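Two complexes follow with chain A in common, the first pairing it with chain B and the second with chain C.
On to the complex of A and B.
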């Protein structure tokens, strides 16, 4: 039987992993809220962000924080471009066709990264630091920094949605596109904005996840199950839901280490999706899923 | 050379069987399965494990189809009342989870090392050439049977209801059809074909491992179906052969490009498949040979 200290350590690890997972999950759910389709291309944008940050950090010797900004910006710009040149054209064909196109797109983009960087595992240029101890619980300083970055990104997003004109317009389109267009909100502009912010968050999330381990072209695809699990558990389309869902999935994945080998970690996300869709399809905070 | 061609024909046959199965789900009923490679894997592992445990190959194959169908029922039941994109998410997650389990349940699947020495029909008694030919015959018969059955299905009232669901679920429900039941049945039939294809693959190559069952495989079959024609069974078979030809041709052509490393070549090939799928979806969503729908006689012009 695991000791209380062990469980506490797992919960702390899970909450930290969940906070980081919330970043791309918010990206996914925001795009879903506005454009109403599950954008599987989130995986390749997480990878692109991770590699953009790698180029900034390792090739250009930028410190980690500006590199994280680069991850956000590059993934955001690629996100706008991929919607503009590819996914937008599928919208008249319906959300299913768009979803299929997005998974093809994710494989195409992932292979562009593979073409340029190969399949090798790469690590960021991080200072080596000693873990902080709080009683029996240990936390790495880099993890704390990641946590702070994820928290700030989320706070900025919530501020943007709550207080700025564009943020309110975005919520209006997500809520009722017809009414929003009557009020003169340009849905195309909002579409571009949500792609920039959503895919930017995916890229930021990809790099944050990579900072803990290593990156390779499959970085995004390996996390896609957890990202979708977070968004579905919280309720697809609900941004606060994505945060709650990510924490649930993150802590759940860690606590399962008590019974399962770590290799099964992402299967936990799948089980979470099945449970939520069976018991409460709208998720914890979402709207009806029909 | 002949052996190579026969091997390619066998894999085209297996792709054709998968495309036929996916046609029932996607082409007829409009249900998107982004994890069809997971059902293929379930069939491959089921038949491999059963026959290694002493079951006859025919029994293994039949069980593969039945087990895959049962899994299909469960997966589709969970999402059948929700918007179609939940099925896409769940199937994608299913395929990834199958791969994780196959890689890690070492006592059961032998993990990433895979299962080798899967028996093939008369493999020991025949020369490799004769085995290849025999297997091609078996695959051809199974594909022909599947084609016949699914073509009958398409023309039957059952197929008509599926197309109605695809085009408008609500209207079909209003017309008194049990939409949920039809969708689950369609998914089960499609999954059975995918599972059987997996078993055919396992007994042919005699070796399966988790890294065979990658998401890209799902795209190959989707592309085969799109090239041939969605909703059209003949198109599914034509498309499967076209896709195998394309994949093989690119395997020979890409190394000829100067200055491309093997990893880059593989990336280029996957990129090409993905882009082709996007282009087909965009410009030929009905495929090169579109589905022929029975035309109703034009209503007589109203009398003035």
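On to the complex of A and C.
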């Protein structure tokens, strides 16, 4: 039987993995809330962010924090451009067509990254530290820092949505596009804004993942299923839901190690989707929109 | 055109008899002059595109030497080289051409396991001999009736050799973390068995999911068994994460991995202190063999690698088998290959040397550049060398070849 310390360690590991996962999951769910299609191009934008941060950090010798901002900005700009030139044209054809187009787009973008950077693994210019021990729990300083960055990004987003005019407009469009347009809110501008913020968060998440591992053109693609799982479990379209979903998937994947061999870990995320969608089809915090 | 019936018929008779004559008269000449064609089917493009061309070159170098020594059965030998594109579908088309049109007795050089698995049935059904580097255990278990040999060690041989090496380091407690893959379980089982035979112990194993951003909990699980060495049996993206997580968890014991999982690029991408001391292993050419020296000279390459030496050995084995059987058919190679590469005959280290002794009616035992080239009944090699490197100061340093 596992000791309490062991369980606590698993919960901590899961919470840290979940928080990082929450950042791109918020991006996915925010774009869904406003534009009403699951944008799988989140994967390549996470990769693009990770590589933008790499260029800033390794080639330009920027410290990590400004590099994270670069990851956000570059992925955001690419997100606006790819929506403007590619996905927007598909939207009138319905959300399934647009979602499929976003898969094609993500593969294309991923290959552009591959064309520029090759397939090799790359690491950031970042010293690695041994873990700290807090009682019987082990945590990594880098992971704590990532946790802080993810937390700040989420807080900033909530602040933006709650207190700024643009943020409120975004929520209005997500809530009722018809009513919003009657009130004179320009849905196109809001669409661009949500793409910038959503894909920016994907890029930030991609770099946060990379800080903990290494990056290659498949960095985003490898995590997209977990990101999608987090967003669906929390309730697609709900930003607090994405956070709750990511934590549920992250902690669930870790706690399953108590009973299951680690090779079933990914299955847990998907069992969670099945369970949630069966018992509560709109997701844990669905409906609330943003 | 006013050519009448008469002259036309006469011309027809003249022409056809001339044709008939030409078909008979120079027949003897042609038999002597027609080259003996051997098939090469190797990836010149695709994922194997780095190894394929070098393997083709190594085979060509051996064949040039054989031709210099008078060819085979009095005939010049020519390699017909086809690109398998590292793609089973393209490979099957190319193999069909080699078998049905060119009618080669042997096809040498398939690289990807998927390609070999696709091409092998065509070969054994047409009694064409196939030589390969593909590593999947399943390949030699195909019902190939002896029409296939491979010079690459399979998982079973590799796992056993790795375990012997790990035990030789004085490791008492080994833990193995394997990626979810077909080789994971068989490798763990074999390593566990061999460690035990050598007075060491596998204190635990686990199989992990690929594509995770962290393996902290898996690392915790491994470290609870208090191992002296952790064997990381995965691929580069996950092994880099594991190495980081082992470092963070304050693990200071030994780490062991396949060279394809910890490459020079991986060393560059990770902080030095994370990779310091990692031991990597890869199948190696037999660098101490005289055949290796000869291969170096023949290719003009300072350190021919495992693939170049295996290709050298295929061309040599096929040439010697044909000479021994005095016939250039797949069945002849099938019947005689083990009589020239294992047994009590005089050891030879190149095809040309072997051909000389065979001409004198002597028995030979070909010892290759990739290894001793002794094969089991199902076509697997019995033994081969491995190269062990250690990451030191961000670079690989050769530990030993054994």
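By definition in this document, the second predicted complex is superposed on the first by the 281 of 290 C-alpha atoms of A that agree within 3 Å, B and C clash if a C-alpha of one lies under 4 Å from a C-alpha of the other, contacts with A are read in each partner's own complex, and residues count from 1 in each chain.
The definition used in the following text is that contacts are C-beta pairs under 8 Å (C-beta built on N, C-alpha and C of every residue); 3 or more make two chains touch, one makes a residue touch a chain.
In this text the structure is predicted, and so the values were computed from the model without any measurement.
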Greater residue coverage of chain A in the superposed arrangement, chain B or chain C: B
Which of chain B and chain C A:13 touches, first, second, both or neither: second
Partner chain in contact with A:101 - chain B first, chain C second, else both or neither: first
Contacts of A:281 with chain B and chain C, given as first, second, both or neither: first
First, second, both or neither for A:209, with chain B first and chain C second: second
Touching partner for A:259 - first (chain B), second (chain C), both, neither: neither
First, second, both or neither for A:163, with chain B first and chain C second: neither
Partner chain(s) touched by A:138 [first = chain B, second = chain C, both, neither]: second
Shared chain A contacts, counted only where both chain B and chain C touch the same residue: 261, 263-264, 266
Touch list for chain A against partner chain B, complex: 37-38, 40, 86, 89-90, 93, 95-97, 99-101, 103-105, 107-108, 110-112, 114-115, 118-119, 221, 224-225, 228-229, 232, 261, 263-264, 266-267, 269-270, 273-274, 277-278, 281, 289-290
In the complex, chain C residues that touch chain A: 180, 206-209, 211-218, 220-221, 236-237, 240-241, 244, 247-250, 265-266, 268-271, 273-274
Residues of chain B touching chain A in the complex: 30, 32, 34, 78-79, 81-86, 88-90, 92-94, 96-97, 100-101, 103-104, 215-216, 219, 222, 261, 263-264, 266-268, 270-271, 273-275, 277-278, 281-282, 285
Residue ranges of chain A touching chain C (in the complex, touch as defined): 6, 9-10, 13, 16-17, 20-21, 120-123, 126-131, 138, 140, 209, 212-214, 216, 218, 222-223, 254, 257, 261-266
